Structure formats: structure tokens, C-alpha cells
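Here the chain labels run A, B, C, D and E in written order, and each chain numbers its own residues starting at 1.
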Amino acid sequence: MGSLRDVLSPFTAWKHVIETPVTLKNPIGREAADRYRGFHQNDTEKCIGCGSCETICQNAAIDMVPVDDPKEGDSGLRPQIDYGRCCWCALCVDVCMTGSLTMSNEYTWVDTDPDAFRFIPGVDEKPWDAIAKGYQRPGERMLSGLTRPEMMEMEPEARIDNFDEIVAGYSREQAVLEADRCVECGLCVATCPVHMDIPDYIAAIREGDYDLGTQILYETNPFSEVCGRVCTHKCETVCAAQYEGEPIAIRWLKRHIIDNVSEERRLEIVGTPQVLPTGRKVAIVGAGPAGLTTAYDLARQGHAVTVYEAQDHAGGMMRYGIPEYRLPYDALDRDIAVIRAQGVEIKTGVRIGSDITLAQLKADNDAVVLGIGLHMGRSTRVPGSDAPGVEAAIDLLRRITAGEEVPVPKKVAVIGGGNVAMDIARSMARLQKQKYGAVGVTVTALEDFAHFLADKEEVTESIEEGIEILDARGPQEMVTFKSGKRKGEVKGLRTWKVISIFDDQGRFAPQYDEADEIVHEAEMVVEAIGQMADVSLLGDELTEALQWNRGRIAVDADGHTSEPWLWAGGDSVHGPDVIHAVADGHKLAASVSAMLAAKAEVAK
Amino acid sequence: MKDIDKSFKKDTETDFPLREEMRPRKVTTPDGQVIDIDPLQDYFCQEPPKVHRKSYSAIVEGFYNWARANSLWILGFGTGCGAIEMRPLMTPRFDAYRYGIQWRPTPRQSNLLVISGYLSVKTLKRAIRAYEQMPQPKYVVGLGSCTINGGMYWDSYNTIKKLDEYLPVDLYIAGCMPRPEALLAGLMDLKKLIRKGEAEGANRYAENFDWYKANQKSVIKDWDMPDYSW
Amino acid sequence: MKAEALSKMTNVEEVLETVAEFDREAHSFYTDLIPKVSKDIRYIVEELARAELEHIIKLRGLLASPNMRAHLKDAILRPVADRRFSDAIQAPELGDAPDDQEVLQYALAREQTAIEQYSELAANTPPGPMHEVFSYLANEESKHKSDLEALYYQIVHSGGV
Amino acid sequence: MFSFQPDRSQYPDIGPDGKFEIDLETGKFLKLWQGPNHPGITGNMSVELTVNGDEVVEGKTHVGYLHRGFEKLMERRTFIQVFPIVCRVCVPEPDFNEYCYAAAVEELAGIETPEKAKWIRALILEMGRFNSYMMSIGGIGGALGNGIVGQWLTYVRDLMLDRFEELTGARIYHMFILPGGVRAGLPEGFEGRMEEVLATAERYLDDTEKLLFTNAVFKKRTKGVGYIDPALFESYGVTGPNARAGGVAKDVRKDSPYLVYDQLDFDVPVEHDSDIWARATVRYRDLRVTIDLLRQILAKMPKTGEVMTSLPNVLHWKIPRGETYIKGESSRGEYGYYLVTDGSGYPRRVNVRGPSYTHAMALLEHLIPGTNIADVAALMVSLHTYPPEIER
Amino acid sequence: MRELIEHLTPRYSLGAPVFQRPGLTFVDVKRDKLRALLLDLRDKHGFTHLVLLTAVDWLEEGRFQLTYLLNNRAADQTLGLRLYLDRANPMGDTIHDIWPTAATYQRELREMFGIAFPGSPRVDEEFILEGWTDMPPYRRDFDTLAYSQQTFVERGGRETHEPRATMKHKLYPEG
């Protein structure tokens, strides 16, 4: 041991004396790498305050603090980060639903005050706010799914000659996958008109607890079958998942719950009123969503409720306005059965105004609630619009539902770009297919596809079914036969091209190209541009006595009209929408019930 | 994150008897006396340190502070993970020595204690002892989230959450863990504080000795360390 | 008849006075109509009446303004395009109890007539103050008409469910 | 020259088993604490030595100074929330925790790792090994009075930290290996900059060889010191370089290939003397292998491909009941994670098997009696233990 | 591996094996058969390496699971032996004489789970914790956050808000 080499060799280290030092001249503030996970930045405009960052933070470093007033789809909260907790793992950045939260590559923060290390990125100004370098998510978020499972639907060929329901509903596997995507921020709850506990029932799906799910649904909405199919799902428009990827299919998940609970089980879960009858009587006009929801709530509080319906079946617009292939009648009946089970009496085929007067109802009951729908179609009133062969969409739909014979010509033109236009176009297409084996429906809408009123899937499905949809066409005239046997009858629709429909401010300001004129050949022209309520049942006296608000009955926040005994809600007051009508129903019931309780107090 | 078990109460469990050496008992001392001891209650080193008075002359004090600021001698005691980022400072690349900063192996030669991250209760006991052994004037720098508010061990049963409950901290550096550059920036800031005469942690410790001791005792059981002179 | 009376005038003030008088007539027409229609749609007629009144006030303001011509020129620099949306909508006879759509149709037709008349007058007047005032008036009516069309779209074309 | 015979007349009695009867009252023994603040560079642990003259007669390892209760903390964090904290278990080589945890979760949750992610994981693990060996060899030099090696190699390690930083976005705690893959691919021009670091490293290693491994003093102090009988390897759970220094070619990368190690061409260096010298040399040689592996990985890595699979929503990610054990070859030996799940969103139990656990406790306590005080630090450092992975 | 398990099962009355992946198997074992089985595995079947010894607390089932993980390097096989102990009176058998390193594991289990291993060297000495007066912290019924809050002081001044509740409070307080 110990050769001469072992003694001399270490001295070679002296060669480093003449090397350039590796020392950094000024190490303080040396720029970190481009990807460095430094201090947080938040684009507060983009941020929606969903709180996913707070949920995922394993250090409890993030608090959601109010920065702004909440509005739809934005809680107004913004993350405040405690650098006495943070570990710079960037899971908050990875999970961020909007991609607003990022990290700069700045890393130096020295302070004598330990409380200074709490700040709201993007709100409290920091020197690194404008630094572009730092950790950003490389692509879309990957800590939760981006896309919905595809909904099983009937193929166009299979569905076009019948009125069977198109959408199959999610399977358990699909529903769990979809429910899994929810981050439970609850932003949707405020937007839902009835404030359904959406995250909770989605959680119930994940857990496979459909009984609990049903219970949650019924806490806020007795029309889960209906809303699970045709809800306008405002909730999905504010869903945090939409910013990267698709919003959660909340509507389909609701339907999935109700699909998995039998009618009998549902009755067991919901039960019957658990209170003694109060002896108070309430009459409700119209067995639509608003009326029936009111009835459901009031009946569960022990009041005797009678619903009067002019048509032969309960359901209102849900039955007579929505085609069967979107909302099967038996699904609607299952919802109504639960409501009936609460002791609600529904008298169908009774038209208020002609069969019984409103005054009579007023006399017989403690309160009257108006929940009438928009059953009258608007006409364009262009030349020829009163010709034979011109029909109102809503009227046709009603007749189809009621099983009445409707004329089915080979060529039909529809005016309108809303869901009703699609409904009648697709219904007529089915009837044509049954009768002639071919579809001949043209839809002309004033709006262009960018401003279309109908749901996207409605348009897609209509086109799949062979319906021609022409956007941006302004109706000018119903062309009629000028002579011959069919003189005066409709033979077509003349339209102009609409170049643009709204101006820069989004005000209605259409511009036409008169050179682009088309005459759409049709033996029937269906007007589906809008609807209104038939308020003639009120009678002149009451019409005059009531307060009105731009054509609709004026009500206060609780749905109370200017007459102390009369409440009104639903489509005729707040415009057409099932879920809004349900929300109105709850409000009306609460208001009526409060009044009845006050009466009972006085009686004591 | 799992929900907290609200029903949990510490120290109410009776199924787990204390270890033999932690129970109160009688002990015979080498000189034959029999004394009672209670390891969980007996504390030593109760003698408070003295407040380090400023010099009467502002010029002299200014000179002292200048000298102190330019000789930060750090105790080579890495209490937590952050210690690993101190090592590059000792090497040629970052070379903290050129700023008058160096590391010493014993507290008796150091005036700066860097608490490099979390402190387990067991280490807290040693850190306090090391700090108390350091001659005045002395400074404490808290490194990283853990010293500020518990950091990632905020729910650990074995680490303290707020360093300033137990030791007087002059300066904090954010990060988990702070890079050597940030640490160096912090030390430069500490120098400025010292020159301005604002790094008064040690005097705070002396003035509020009872408060600090009470806090220390609330978490450290079994304080079996001898008394020492300040 | 309107056009005839106006075409003979040579004075801007006179024209504006006369037009204000026309508007006053229109205002009283709508005011008279209010009780005739059902209460739920009365707001439309009330709005129409109010619009006429606002127009009168505007004309009065213009008359009182010292630099009236500048105002006129300024206004016609930003011509309002006729959208022609309601061209195909027929002008109805207002019966005893017209519905909301009929009232709007009627009002639209009135505006249409007015636009046409003022435009024609403007076209037949050589450049100068009189040309400006007719252009201005045509412009005003176009504006009014497009407001009405927007209202019509909102009420009638609610788009359906 | 001259021989030195100690006068044993003053020595304490030796019991029938050949060991000292330790009785502090005799005044012939002294308690000497090494640590916790500075026992070489091994981090915060302490050895309670009982010495008799220069000879240590008993050593007890004390740990727990860095105990944070990780295994408990993990039980109340969701599977994704565990991800940021695992790397903290071992400070100088955190990536093994990330890899083992991610692989364990992937196995129990049935997630496939993309091919490219496997290569990047292997790259990171080897980079971590590089750093760890740099610290270790520097530490051995430092503990034996050759601090300059520590200075050099810490500088080289810092260059590798720069590469870590640009790849993973952090210097020490990379938090880069997520369950399901890795966070990102290689940055532009990474290979070239890596090659520069490796070339620099080789240059400094050549110098280290001359200064340390061809050094009479170093040899004198390490050869024949701290001998571990290879027969003890199995009973004391000795793995990794400590075993390889004793002629046992234990290496998980070869014995049970994981990630892409079956596609890499490398030999496991083995020494036979099982003393401090052999342990230092085997690390030095393995470091050379690591540098070669880094080059191989960068050359063979697929240039394109996904680096991350999409995960189920991690906010309520549940993994069915099961248990698994994932291991890898860290710079200190077999590193493993034992993960038990119970079908909930939280791990039932995570047990970290750090190699230091066996090396620093029973083995060290077994080795210490009979050594010279001056050699204790070298012995500890040569075992290459990291206390945080002992107590977690 | 399957052959070995089949071979050992009758002799040591093993439970049903779980073949987690090629190279990793878990099997239940009875306490009275453990020692003989370990010796057999070590001496005859090449499972010479004790990888780890740890416990899992199945609080709901009232038992502790001890996992002995053994490795056969030549065959690249890892075998996990699961032994269940009554949680009310957990008592294990020391194996430090088979693997001396097991003493460390047993000391940790004694401290962290409160499982006794009579006869294991220094098993009752403090290991990781110092001055611990509460229940063993790795037990499932020990809540670390609750303990932490009751023991240590946190920095105040923090308050969080739930998005859903905030929006309800501000947008539809009555609903």
C-alpha cells in the first residue's frame, strides 16, 4: 500500500488554480428556467371562482375569498394563497378548470412579517404579475375528463318513421364516467331556476345510490322525467367543465337517476303528505309544470288542491307542445302519477271561462293560481298568411298529440328557427315518412346559424332526418294559387335572404338581399315564430282590474298578482321554459302557503 | 382531503400507559439524596437570558452593526429539507463566503440560526438548545413555508406550525424549498436589517422569555437537558 | 296631403313647426286608442304615444337651438338605413279592439308612409336648408321605424320554445 | 519502525462473551453523542457512542429528528394529493418516491403508462442517482478530510440541478412523475445541454480519481476499515452499492427490470473487499455507469409520443381494494413502496421501504463496536444513509 | 410461484393466494405457522431477503394486518405474508433471530401501532418519537389533524368561502 503514485497524484488538483472560476457574478435574482414553478399568477377575468384549486390543495394553502359580487357562472370568489402552506406542486394549476391559474418563474420573496405571505394572485399586485415565463399547463387539463360519453341515440333511419323516443339514456358505466367529471364546484346551482342540488345528485350517481339521488331530485323538482329529457339545462351553460372540453351532461345524468328507480320505488321514496289536512282549498288553472308543481308543494303541506285543465290530459305544454319522440307521454305520466299520489285532484277537459268562471273558483277556494301556457301561435301576417294551408305550429302539435287527423302534404314549409319550428318540422317529417315514405320539409329561419334559437342538437338531428334547414331567410309572402280549382290555397313561401340580423350592439337590425329571393314550394306553410297566452279566460272585468307588465300579468317576486286571491306563474308570466315554470310553481306554492298560514293564524 | 375527526381528543386515551422512563418516580442522586422527578413536568434551563443593550453611542452602535452584518456565521444545523439548498452556497458556484457568510459546526461560534424548513418536536428541542447556546447578538431566519404556517406538514402530529411561537424570527424566505439564490437574497436583506439595528429577535426572546418558554413547554415533553450558562 | 302642404313651404322653421303639429296629431290618435285596446297590450300604444311626444320635444329643442343647421347636418351625416323588415307586413284596419300585433303593424305602416314622403320631398328639394330638414325628418322616421321593428321582433318573433 | 502495544491494565473488564461490560459508573467509559446537527453529511440523525479511549464500544442510532408522519399524512390525502408529498420523504433523491408511488397507484388503478413517459421517468431516476452519488462521493471525501472533492462534486450536482429545473420545473422536489405519466416532455435542446453537464462531470470525476482514489491517505484510512461480512447481507437487509461492494451483484435494475432498464445496456460494477474503500469505489464506478446510462436513455428515447394518460377525475378518484409493492434501485439500494388500498378515495396504508432503514439502524449498530472514533463518520458516510427515509 | 404456494399451502394452512402480478404474491398465514414458514422459505426456497415488515390497521374489522415481505432474488419473486392480529390485544412474535434487522421494524411497529413483540431487542425504547404521551399515531383512530390543532398553534387570519354557499347567500338567499 502507498505507492509513489498515490502520493503524487493528488497534487494534480493544483491545476485548478489556473482555471476560470465557476462562481456566478451575481447569483441573486438569477432567472429560473422557463418551466420553473414559481409564484402564482391568476387571470381574474378568466377565473370563475369554482374552488377546484382549493379542493385539490393538499396543504390547505388556498382560501376562496370574495373579490367581486357573484354572478351566474362566477362565484365572485378568487383564490388566496398562503405561502406559509404552499409547496409549489402546481396541482392547482393542473386542475384549474379555466386555465386562469398559472405560475411565474419568479422565486424570491423575503419578508420580516410572516403574515405578508398571503395574497390573492391577480388582485394583490405583485412584481411577477406580468412575467410570461413559468409553469403553465402544457395542454388541456388532464386531471379530469374532457369529453362526455356519447349518448346512445336511434339512428336517423330507424327513428324517422315513428314517434319513439330517440335518446336511449346513459348506461350505468357511461353515467359513472360522466358523473366522475364533475368537480362539485356548485356554480350550476345558482343558475338552475329551481336551484337543484346538482353536485349532490351527481355524487349519488357515482356512489350508485339512486334512492338518495331520487330524494335529492324531488327536494327541488317533481318533474325529473321531463327535465331529464327536455330541460333547457341553463346549468350546463355555466358548468366549469365547459372551458376546456364539454360541460357535464347534467340533464342526462338527472334522467339516468330517474331511469334507475322504478315507479313504485319512487312513490315509496317520495311518500305521501306527512301532515294533517289543513282544510284549506286551492284551485289551480292549468296542469302544466307551473300548476302541477304548485299543486305538489301545496298538497304536501296538507292543503286540498284541485287542478283544472282544458285539454283531455294533464301535462300542458309538456304534453301538447313537446313531441313524443323527445318526451314520451308515459314518462310524463310517471311524473304526474307521483303528484297525483300526493292527493292532488286533476280535473281535465274543464275550460275556465266557459265551463267554470274564474269568479266561481274564487268563490269556492281560498286561493286561485293561474298556470296557463302559451297555446296560441303567432302569425307573420305577411300577405297570404290567412290563406287555407297556413297553419300554426303549436296548434298542429296539439292536434297530433290529441290524436286528431292533421293534413299531411308532400311538401311543407316551416317559418321559424326555434325549437317549436324543429318540433313541428320533425313531427311533420315523421308523418310524411309514414304516409309517403319520403320527407319533404323545409325550415326557413330569419336568424342565421350563428344566432339560431333552436338547440344545436335539434338542428343536427333534424338535418339527419332529411329536413332542409335554410337559415337567414325572411318570409315575404305566402304564395297562393291565383286561379284554378285550388284558387286561394297556399302553393309556396317566398323569402328573401337576410344578410345580417343584428347590428354591432346586438340590436335587431335585419338587412336583406332582395336579389336572393326563393319561392319554397309547399302545400302547407307552418308558422312557428312565436306563441302567446290566451288570457281571454280572465274576462274583461278582471283584465281591467289586474296590473300588467308589458303584455303579461304583473306579479310580485312571489308570483302574487295585484288581486289578493290570485297568483300567476309559468310560461304566461315568465316566458316558455319548463324548469322556469317549476321554479315559479315552488314560489307560488310558498306564497300561497304563507298566505294560508296567515289566515289560519287570524282564525285562531 | 379526509375530514377531520371532530371527536378525537388528545391525551384522553388510557389504554396506552406512559413509558417507564416518563413516569414520575423517586431517584437517588450520586450523593445519596432521594428526589422526586416527573419527566413530563420537570424543566431545566429556566434561567432567562439577558437583554443585549445597545451601545451608548450611535456611532459605535452603527459600527458594531456594520461589523455584525458582515460576519454572518451560520450554525451548520440543517433542521429540515431546506438544508440541502444551503450546501450549494458553500460551494464555488454561489460562494456565500465572499459576502462574509460562513458555516460553523458549533453554536458557540455562530450568530445565525437558519431554521431550514419544518421542525419536528424532537428537533425543536435541539434547535432551541442550539439557539440558546449561541452568543448574542444572534439572529434566526425561517426558511420556507413550514416555518411560516406549517407548510405541507400543516396537519402533522409531529411538526410545529408557527416558528415564531417558539423562537424569535427575524426574517422569512418564501419557497418550498427556497432556492440558494433566494436564500442568499434573504441573507442580504438580513444584513440590511442588522445594519439598521432592526434585527432584534434575540432581545425579543430575552424580554418575552416566559412566553416563549411556555409555548415550548406546551409541545416539548420530556425536557431532559441540563442547565447551562448564558 | 302632408307632403303637399310641406312641399310648398320655404322656411325650415315652418316645416319643423308643421311636422311637430303632425306628431301632435299622431300623439292624440294613440292617446285616444289607449282605452280601446285590452289592458294587457295597452303598454304598446302608450309607448307609441310617448314616442310621438318625445319626437315633438326633440323638434322643439331643435327649433330653439341656435345652431340648428349644424345639428341637422350632423344628424344626416349618419343616415339610418331602412331595414325593410316590415315591408311584407300588411297594414291592417284598426278595428274596435285591435290586438298587439295589429297595433304594431299599423304603427309600422305609418312610419313607412312618413319615410317615403320625407324621402321624396328631400329628393325633390335642391341642396340647402330645406333639403337638409327633409333628409333629417326621413332619417328620424327611419330611426323610429327600426325601433318599432325591434319591438315587433321581440313581441311576435319570440322564437318559440 | 516501531510498534505500539496498548497498555490494557487500565482497561475495563471484558465479559465472558468477549465484550466489555459497560458500566458508566466505573468512569472508564464516556458517552459521546454524534449529531444530530452534524454527523458528517448524513443529515439529522445521531449516534450515541460509548467510548473507551479512542475505541467505540457501543453505538446506538437515534433517529426521528425529521419525522413528519408521512405515512399518516398520506392516509388522509386523496391519491393525487399524496403525489406532491411523497418526494419529501427523501430529500437528496426524491424521484424514487415519485416513481414508486406513481407505479403503485397505476398498478392498483389499472392505468397504463405511455412508453415515452417510461423513458422520461428512467431519465429522471438516473439524473437523481447522478446527484445522489455526487453528494455521496463528495461526502466521503469531506468526511475523510478532503473537502475539495465535496466542493467540486456539489458544483457538478448543481449543474445537474439546472437540467432538472428546465425539465421538471423545480430544483429539488421535482413533483414531475404523476400517476399516469410525467408532466411534460423534454425541452428544446435538452440533450445538448445535458451532454455538456455529463462532459463536465467526467472531467471532475477524472480529477476526483486522481485526488481521492489515487491518494495514499485516503487509501490508508479506508482500506480494511468498516468491513461488513457478506454473510450478514441477507440477515441485515443490505442492498444496493453496500452489497455490491461485498461481491453481491444485487441491483433491482438487473434482477427485476422496471421501466426501460431491460432495453439499456449496462453492467453492474462489483467490488469484493466490502470495506469503506470498496463502497466508495463501487459508487464511483456506478456513477460512471449512470453517466453512460443517461447518454443511452437520451439516445434511445422515442422522439414523439404521449407523456401522460388522462386520468379519471382526481378529485374523487377511488381505487379498488388491493395491495402492491413497487421497488426500484436507488443510489442507496432497494427503494420500495408498499401501498394498500381499501376501495376508498384515500390510501389505506403506505409504507416506504427506504434502504437507509436497514443500513443506518441495525447494521450500523452492529458495525460500530470496535471502531476508532475518527472512523465513525467515515463509516456512516460510506453506508450512504439518508435519515428522512428512515423515519419518514 | 403457483407451485410453491400449492406446495406450502397444506403444510402451513395458507389462505387463498393473491397473484398481484408476476413476481408478487400475497398470501394469508396463521400466527402459529409463521415462524416455521419463514424459516422454511428462507432456508429452502431462497426467500433470504426480508424486504419489509409493516402493519395495516383494519380498524373497522378490528384487526391489524402484519405484512412480511420476502424476496427471492434469484427467482425474482416477492412473497407477502399477511398475518392478522387481534386489534384489542395486538401481540406479534419477534423474528429478530431470523433476520436481525427485523428488530428495527418491530421497534417501529411497537411505537407507531402499539403492537407488542416480546423478546425483541430494545423494542420498548423510544425510536422515532420523543416524549409521546398519546395513542400510537399510526392507528386509524388517531386523527393527526385534530391532534395537531389541539397541540400546535396555527397562524390565524384565514377564512374560506364555499362557492355554492356564497352564491346562494348573495343571489338567492330565500331559495
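Everything below uses one rule, namely that a contact is a pair of C-beta atoms (placed from the backbone, for glycine too) under 8 Å apart; a residue touches a chain by one contact, two chains touch by 3 or more.
These figures come from a predicted structure and were not determined experimentally.
The greatest centre-to-centre gap from chain D, using C-alpha centroids, is found for C. Relative to the centroid of every protein C-alpha atom shown, the closest chain centre, again from C-alpha atoms, is found for A.
A separation of 40 Å divides the Cα centre of chain A from that of chain C.
One finds 34 Å separating the Cα centroids of chain B and chain E. Note: centroid distance chain C to chain E, computed from Cα atoms, is 88 Å. Averaging Cα coordinates per chain places chain A and chain D 57 Å apart. Shown for chain D are the residues in touch with two or more other chains, namely 64, 67, 69, 72-73, 75-78, 81, 84-85, 155, 173.
Those residues of chain A in touch with two or more other chains are numbered 22, 32, 58, 82, 84, 87-88, 114.
A complete list of chain pairs in contact reads A-B, A-C, A-D, A-E, B-D, B-E, D-E. Chain A meets chain E in the complex at residues 49-51, 54, 62-66, 69-72, 75-77, 82, 84, 114-115, 118, 185-187, 189-190, 195, 199.
Against chain A, the residues of chain D that register as touching in their complex are 77-78, 80-85, 148, 155, 162, 165-170, 173, 175, 180, 183-184, 187, 207, 210-212, 214-216, 219-220, 223, 308-316.
Listed in rising order, the residues of chain A touching chain C in the complex are 317, 321-322, 374, 378-383, 393-394, 416-421, 423, 446-447, 453, 474-477, 507-512, 514, 528-531, 535, 540, 543-544, 546, 548-553, 575-577.
On the side of chain E, the complex with chain B involves touching residues 114, 124, 126, 129-137, 141-155.
Chain B contributes residues 1, 92-95, 98, 142, 145, 148-152, 154-155, 162, 164, 169-176, 178-182, 184-186, 188-189, 193, 198 to its touches with chain A in the complex.
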